[in-house]
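Here subunit A shows up in two complexes: once beside subunit B, once beside subunit C.
Right, the complex of A and B next:
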């Protein structure tokens, strides 16, 4: 009898998968109240505006007229059939790829330099981070004085060396280069910070093992250290890529999308559609299209650069 | 293969003097174990041999070549790290072939050498796996494979077994020893575990606070410890060291607290009235009618033998009894030393006293 009681108790303690699921669900329900405040905030600042933008994108809605007609996907087909959209997209991609690549390469070089430095790292790090903590519009105003024709800082420096400087913001090609340089000036410190932190997480004994294996400094960086921080690289490139797609304030101050439409990016075009032409419906559709493009590119980036992530520990 | 000569090595970390004039000669093909407590400088010394730490003073030679200013990759050494230091993004094959690729060896040669090393270590089925897919013991083998594939002049091991569980550690200990007997490559092995040192070494170098306390064959250190530090460090359980005063009456004896006396150990000599420490290894204590009167505190049977933890005038003592014993906690027994295997040390300096 005693044996039977013990056995039945033991049986009672063994939980079936269904029972386990019920316990897990009950635990989940208890945790919901903790998520609720942030879920409410997220809804009002993230989900609602996004849904509203999606909703607006289905209407032909002019801000000044107040007239709103349902056009379905009309705004989207208009945009996709408009050459201006494609050239904006092309320019945006060019600026994003150039700026993020430049930031990554320069950032990596400086981060590795800082990693190898034995003293003064903190001071240098702080100084280099300064451009990143300046408000973008203020930074853009600084840059405008630097790039300004004839009396700008860059012109004066080049002029003192006898070099005839180009029209930084007036020439289409140089305007694009200036916009890329401006973004790089402001965001390379972020790259440096993240990559420097990443390089410092690489196991020192792996580096020493590579030294003994016969690897030179650059081989250690490219064959041991960078693969070790691949997830971090994917993160920082994705973040910067998404951020660069939203690049607006500096372009607005520096060139306002000009000369002509040489630096008109998707966000500049969205701004022009919404606040110059008051075509809110079409601007919303362009916003949604930009979101889709950024999501696609982020997925590709994570897929390509982060491909070997699983192989890492 | 090559010998390693270390002479007059000094090392400072800031104001801390971590290595204080060390001289060691490691013969060609010898398996030398650097052992000592944490912070004694053994790993720093190994890293100096590897070229990963600069040498402040003195000279290290591998073979006939002074390597003080030679970078690690040109020293023709291979090192096995405590945490294995495998490259996580490379497969076992890639980990093992990395150094050969860097040395621009031909593909067939790389494949042949990797396969040979993998075969020796039983790693052939795992060549395409990644480090995270391997157990601790397998990772350890890959780390060794990465070392042997290069066929270096010297192997350096930095506490390679300390991340493994006790059973695997014993198994790997034997495997490393077997590997050394097979390859006969000069090896320098760092550990803090005296059992590892005793079982693996041709030569033990016992260090403390940046100096060599004693260097020699394992049984030399066990049978003839140079001082009380060596006597306490080598052997488990540690040697009993009982304070007493030397008396020169008769053939000479040592008087302990309470007037108990024991004859001087064979081959030992001390001045009349000299404060000494009488050394008895637990396994060389004999339970009998005469000797030091002790009270048994704890009896620990391990199966093969029994440890008796005893107390003599407030001093802890341990005795290992091979035969089954009916001693119980609280019993009063007498422990006598095997005089041919007992030791005498000067109480002030800790130095061994010999005739």
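Right, the complex of A and C next:
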């Protein structure tokens, strides 16, 4: 406020508060045109299609034959009564929870390692970051050449040591593990980068005080550093959880949901319904259900941590 | 800042982190080696380390198998996306950064939740609408779709640069008689030019990497690199060297991007770039 006053005084001689307020109000109105182009695009290409998807979800619509009937909430009740929906929800949760927790634990360990390291941090950080920004499809192919039966790197190495390796992508359990590892390969660097940046924002004087009190390194990490970056942790976990739920490119290339339906997540099931079976109405309903589930989980994640924060205060 | 620690523990820590980095980079290195080896060397047991490198497969996949054409498609689509998305996104971000009160915050929060939407839910109506409007396998369909999904990210990232520009500067300009548009173009934009570049490059990466919409909306004439490489696949052993060459080629511009952007990675990522 003080700055504003001095500025307007030097620039303009007479400015009553009322005149100033008028200028500001006028300015507020004139800002709307800046939003217009983006608003038009967002309306026609984001909001409208989303509403259209909601509308579609009320129809039994077969794209190939063009038969379309209004069924109300029929698609939703069908899906909720279908065992396939529940088993793919279970699989998705399993994959998401396994992947995100693996990424968080490894990411935290490496980020803390980088934090303690006094040299070469930037180069290492940059190098280990590469998997995260490679085109996801390309990243999935790179991993496919590791996991592929017989000629994949893993099999070549194990084979040369005389170990008989499992069928990484063909066995249901190993396929799920491979998918989790693939997600972790691409997203652990993201965790490392964000957590490393977070650890560096922790107040140095607090850490020094703890050191003087004789706290060990890991005590400082868990008692002081992590609690002080809790909002960042919640943010990054929520983001990752939401992104992992819509994880598509890698699974599509790596296993396309197989073997059988061992890695068929909700997103993969939606894709198959819409673009293989052309049941666009039911697929839209499944998309909406997925969205509701993701929002619920995000609310729980944020709520739980918010509550424990209150407790600690 | 940090305390000096005993030398040996620093060395051990450094070695451990190097080992982790090496493990993370193994798939990339392995693919690179596959792309420059003759198949006979690529699948030797145990893996050969001494071999005569060849660029035969790189040349073949880009110039004989049509990947150069897919690269052109990818470039047309991602550059147009960036031009449209960043210009309208920056305008919107400027408007939002200069608004007071609840409206701006509400809009920003709404945009954030749009960004979290499962893309699959958008892919279905996009496909239906594009089919209805006869836009499947055309550039505009893909560009519009990418502009739309890039908007939330572009606005958020530009907003974060624009709020750092003090409003006093705009006020001074408007007192000197500049209109809102003059203030925006002549005063504020030059100040945030570095941020504009960062946003443009991140949007470019986002558009270049996009797969799902490209899979659904493009066809033989507009196929982008991710769709092409996914189709080419890794199924047939005979194609491994070729698709490894293509995959490495697709990755090279991204490595250049990473070198350019290393200082800005955290900011861009926190706003949800890349994936």
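Note that the second predicted complex is superposed on the first by the 264 of 313 C-alpha atoms of A that agree within 3 Å, B and C clash if a C-alpha of one lies under 4 Å from a C-alpha of the other, contacts with A are read in each partner's own complex, and residues count from 1 in each chain.
Assume contacts are C-beta pairs under 8 Å (C-beta built on N, C-alpha and C of every residue); 3 or more make two chains touch, one makes a residue touch a chain.
Source: prediction; values computed, not measured.
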Subunit B versus subunit C as contact partner of A:275, first or second or both or neither: second
Subunit B versus subunit C as contact partner of A:73, first or second or both or neither: neither
Touched partner set for A:126, first subunit B, second subunit C, both or neither: second
Residue contacts with subunit A in the superposition, subunit B compared against subunit C: C
Touched partner set for A:219, first subunit B, second subunit C, both or neither: first
Partner chain(s) touched by A:252 [first = subunit B, second = subunit C, both, neither]: second
Contacts on subunit A seen with subunit B and repeated with subunit C across the two complexes: 211
Parts of subunit A lying in touch with subunit B, wherever the complex brings them together: 203, 205-206, 208-215, 219, 223-224, 227-228, 230, 308, 311-313
Parts of subunit C lying in touch with subunit A, wherever the complex brings them together: 1-5, 10, 13-14, 16-18, 20-21, 24-28, 30-31, 34, 43, 45-47, 84, 87-89, 91-92, 94-96, 98-100, 107, 114, 116-129, 144-145, 147-149, 151, 155, 168, 171-172, 174-176, 180, 184, 205, 208-209, 211-212, 215-216, 225-227, 229-230, 233-234, 237, 240, 243-244, 247, 250-251, 254-255, 257-259, 262, 265-266, 269-270, 272, 274-275
Subunit A residues touching subunit C - in the complex, by the definition given at the top: 3-4, 7-8, 11-12, 23-24, 27-28, 30-35, 37-39, 41-42, 45-46, 49-50, 52-53, 56, 63, 110, 113-120, 122, 124, 126-139, 141-146, 148, 151, 153, 156-157, 159-160, 185-186, 188-190, 193-194, 197, 204, 211, 239, 242-243, 245-246, 248-249, 252-253, 267, 270-271, 274-275, 280, 283-284, 287-288, 290-291, 294, 298
Interfacial residue positions of subunit B with respect to subunit A in the complex: 50-52, 71-73, 75, 77-79, 81-83, 85-89, 98-99, 102-103, 130-132, 146, 150
